[in-house]
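Listed next: structures, encoded as structure tokens.
Consider the two complexes below, in which chain A is the common component and chain B and chain C are the respective partners.
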Partner chain A sequence: MGVYRIGIDVGGTHTDAVLLDQYNQVISETKSPTTEDVSVGIYTAMRKIIDEAKVPREQIKYAMLGTTHCTNAIVERKRLNNIAIIRIGAPATLAVKPLIGVPDDLRAVLGKYVYLIRGGHEFDGREIVELDEAHLYQIAEEIKGKVDSIAITSVFSPVSQTHEQRASEIFKEVLGEETSISLSSEIGSVGLLERENATILNAAVVNVAKTTADGFINALKNEGIEAKVFFCQNDGTLMSIEYAVKYPIFTVACGPTNSLRGASYLSELTDAIVLDVGGTTTDIGVLVQSFPRESSLAVEIGGARTNFRMPDLISIGLGGGTIIRIGEKGEFTIGPDSVGYRLPEKALIFGGDTLTTTDVAVALGKVELGDASKVAHLEKDLLNRIYLNMVNLVEEAIDKMKTSAAPVPVILVGGGSILLPEELKGASEVIRPLHSGVANAIGSAISQVSGQIEKVYALAEIGRETALEQAKEIAMSEAISAGADPQTLVIVDIEDVPLAYMPGNATRIRVKAAGDLAQAAMNEPV
Partner chain B sequence: MRKLGKQEIEDIAVGAALLGTGGGGDPYIGKLMALQAIEEYGEITLLDVEEVPDDALVVPSAMMGAPTVMLEKAPSGEEATAAFENLESYLGKRFLQRCRLKQAE
Partner chain C sequence: MVPLALAAKLGLPVVDVDGMGRAFPELQMVTFYLDGIAATPMVLADEKGNTSLLSTINNVWTERIARAATIEMGGSTMTAIYPMTGKNIKESGIRNILSLEEQIGKTIRLAKQNNVDPIKEVLNKADGFELFRGKVSDINRKTESGFARGVATFEGINEYKGEKLEVRFQNEHLIAQTEERLLCVTPDLIAVLDAETGLPITTEGIRYGARCVVIGMPCHPKWRTEKGIEAVGPKYFGYEVGYVPVEQLMKKGGLV
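Right after this comes the complex of A and B.
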């Protein structure tokens, strides 16, 4: 009996879906427009791939969803929760209040209920001052009925979580279980402002995540599919729906991660530069051993600085719908604006009124699409210069991402990649894998299964090396019991925080292991 | 005399990072402290040397310690003012102008 899985990637413009068999072969694929009500777009895409694949519905055992909903909500400042921001740390930290340095429009939306209260810890776990519980009760009464999500950040909570946890208990006691609470110690590591921003953003997108999850589950139900449902995370691993609804911020960069992972899988290359050409932008990332190279800089989400690990990407304003403007003297500009998803009505070759990059490629015979006679009147010399400039933009971006002058393989994915030529400066070869239009949905479907452990070890007794080894083993066996293939397991994350306030050289160790979904697990009835 | 606003602070932070060549860590927290101070008390007055009386007492302040700790336990803003107040009372002399991070009483 075959076992199948569905991978879906919901982007700002398109919802892509693929159906894979247990050997990760693509059985069917589709691209459909993303809709206002997310579940409609997912439903349409899913129905198409299922109808085309003609596989028995009960054999579809897994469904993976990668979505940019949370990112878009933050960037557009829409559909965000009504949140309260609690920082525990006064009298310290008052010189840098929450949301300072965050763009004004985001502050206006998120900064309505901001409180700094007494408490928090020193680097060694001693209390700065006692937690001001009376103040917490007073705040809880004040925000009752006004907020539905709370972000709590305490100074040095990666070392001691006690004040955050107590604050959470108080809010739950007064406001009930339905108010969602985000604790910074569960979201980020040392670095107060970045961790606090991440926690605030997490609290702000809880509803969006919930709506998206419900939409996905309903779409599956309507199709009569009972699959195990997962969300894709930034690091290319999966998380359960329950976890995703609690920590939606971990999904914000899964789009680029999925497209890089998908490109690696399709091209069978482990080290390369990947260009994902969409309708509006081209994202350029780097694959190192099949995973995205991570950014070493603080990453901003919607203008707020966070300390997440994110793929190192550059984005240029060049896609299939990028608008070309030609002046009277033959001077021209390329973008950065785009007709985006309206390409099929706006572009000249489709009978529209806007000159786009796609029109240029068609007029020059690089691409066969639409009605080429609609662009035949354009002057070839000028178009050649425009095309050369487009390619230059891409080549410069490739050069920026390279760490040495040696040419590297370049993988092209995404719908807009038809625009680009067979040769690019700096590339040892240009590869266009089969199914490259839905690379991100494939990346979503092949996401890895992970196992995680967080435990306090007394290093005085067993030593750091032994403790790390033990933690790694536990994380790996967790991953295996979650369905990972032992052959492909790797440790993807290690963090240890010394707890100087505890005896015996105590250290909290956090390890995450990840591997591919095992064949055996896929063949077992779920 | 001229006024320093938010944009000037952004520029000074970039310049400070270059001149500091990495010493003292990222000027990010210091920049945010200055931005918050401007939001709460208005633009900063910058005096020309010519405008400072010859007998004026001018005292700069700085902070020392591990940047890693400051990244987590950000300053309260009282540190410098407390030092200034103590020094003034010890010297029995007023500073030309005291930088106030606290609201004037």
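Right after this comes the complex of A and C.
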């Protein structure tokens, strides 16, 4: 009996879906428009791949969803929760208020209910001052009915979570269980401002995540599929849907991760530069040993500094729908705006009124699409100059991402990649793998299974080496029992936080291991 | 940045001088100390409203008492220290240090804009040396007696493949060595840079898996005197190696 899985990537304009067998072979694929009600788009896409593939529904055992909805909501400042921001730390931290350095428009949306209250801990676990519970009760009454999600960040909460947890209890007591609560200690990292920003953004996208998750689950249910459902995370691993709706911030970079991972899988290359050409932008990332090269510096999401490790990407305003404007003297501009998902009605070749990059490529005979006669009147010389400029934009971006001058393989994925030529400066070869239009969804389907452990060890007794070894082993066996192939297991993250207030050199160690979904596991009934 | 923020708030000028020309973990580790200038009277204040005024017999005692007080005050205090005359600061300070910092920052920013290797540019600007390229394979840090002490281990990449670098730190990076070679040692500067952007990664910021370039830079000549080495050289921090300037270590391929 075969075991199949569905991979779905919901982007801003397209919802891509693939159905893979247990050997990761693509059985069917589709691309359909993303809809206002996310579940409709997911449902349409899923329907198509299942009908096409003609596999028994009960053999579809896994369904993986990657979505950029949370990211888009933050970037567009739309559909965000009404949040309250609680920082526990006064009288410390007063000089730098929450949301400092965040763009004004985002602060206007998220900064309506900001409170700094007394409490928090020192680096060694002592209280700065006692938690001001009376103030918390007062705030809870104040925000009742006005907010539906709360971000709580306490100073040094990775060392002691007690104040965040107590604050959470108080809010639940007054506001009930429906109010979402995001705790910074769950998001991690010691730096206060980055942790706080991440917690605030998390609180702001809880509804978006929930809507998306519900949409996915309903779409599956309607199709009569009983599969294990997962969300894709930034680091290319999966998380359960229950966790994803509580901590959706961990999904914000899964789009680029999935497209890079998908490109690697499709091209069978482990090290390369990947260009994901969409309708509006081209994202350029780097594959190192089949995974995205990460930026080790603070990453901004929607202009807010956070502590996440994200793929190191650059994005240029060049896609299939990018608008070309030609002046009277033959001067021209390329973008940065785009007709986006309205390409099929707006582009000249489809009978529209806007000159786009796609029109240029068709007019020059680089691509066969739409009605070429509609662009035949355009002056070839000028078009060639425009095309050259488009290619230059891409080549410059490739050069920026390279670590040395030596040419490297370049993989093209995404619907807009048909625009680009067979040769690019700085590329040893240009590869357009089969199924490259749905590389995102494939990346989503082949996401890794992970296992994590977080435990306090007394280093004075067993020593750090032994503690780390033990933690690694537990994380690995967790990953294996979650279905990971032991052959492909690697440790993807280690973090240890010394807890100076506890005796015996106590340290909290967090280790995460990840590996590919084992084929053996897939052959067994789940 | 705190002095700049404070000066901006109070409308006061900032003198383009410091007493280190780098960063050191203890408060007597300044060129003022080499010239016998007292650290006290010194004031410490915390956010809770506690203040204390210190008067000590020498700067090593200032360090001891101030650190003990700071730990009790929560690990972070604001201080006013080393009162001195204009003459003192001219003679004993390291000049143009804020300008140099600004220039290094600008170099990194412009390198990114002009699409040139930021690390090469920083090395040029600071007369530095590339010591190692690697991936963080372990970071062992603990907080003890008010210091962040530890070791970061890097597994070599590219031409350093197969080698392992250890960087030991006490708040600041103090010694960089592989199994065979000593690469750079305090008071010369060791910096860990992000391999892509050239931006510095602090000891607290180093994370497992990060790809880094470790660079070494010569310190200010005031530190290369006998008293300077005694105050901030490897022996002071408990390392059993003698001080060898980074440019000499690099010349002979780091072999000792």
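Methods note: the second predicted complex is superposed on the first by the 526 of 526 C-alpha atoms of A that agree within 3 Å, B and C clash if a C-alpha of one lies under 4 Å from a C-alpha of the other, contacts with A are read in each partner's own complex, and residues count from 1 in each chain.
We adopt the following convention: a contact is a pair of C-beta atoms (placed from the backbone, for glycine too) under 8 Å apart; a residue touches a chain by one contact, two chains touch by 3 or more.
Keep in mind it's a predicted model, so treat the numbers as computed, not measured.
Contacts of A:Leu412 after superposition: neither chain B nor chain C is touched. When the shared chain is aligned, chain C comes close enough to touch A:Arg464, but chain B does not. When both complexes are overlaid on chain A, the residue A:Ile128 reaches chain B and chain C alike.
In the superposition on chain A, A:Ile74 makes contact with neither chain B nor chain C. Once chain A of one complex is fitted onto chain A of the other, the partner contacts of A:Glu396 are limited to chain C, with no touch recorded for chain B. When both complexes are overlaid on chain A, the residue A:Leu420 reaches neither chain B nor chain C. In the superposition on chain A, contact of A:Leu94 is made with both chain B and chain C. Taking chain B and chain C in turn and counting the residues of chain A each one touches, the greater count comes from C. By the touch criterion defined above, A:Leu192 lies against chain B but remains apart from chain C after alignment on the C-alpha atoms of chain A. Counting contacts as defined above, chain A residues 91-94, 122-123, 128, 190-191 meet chain B in one complex and chain C in the other. Of all residues in chain C, only 47-49, 71, 74-75, 115, 138, 140-143, 194-197, 199, 201, 204, 207-212 touch chain A in the complex they form. Note for the complex: chain A touches chain C at residues 91-94, 122-124, 126, 128-129, 190-191, 293-297, 309, 312, 396, 399-400, 403, 464, 468, 492-496, 498, 500, 505, 507. Put simply, chain A touches chain B in their complex at residues 89-97, 100-101, 120, 122-123, 128, 155-156, 190-193, 305. Against chain A, the residues of chain B that register as touching in their complex are 28-29, 31-33, 35-37, 39, 68-69, 71-78, 101.
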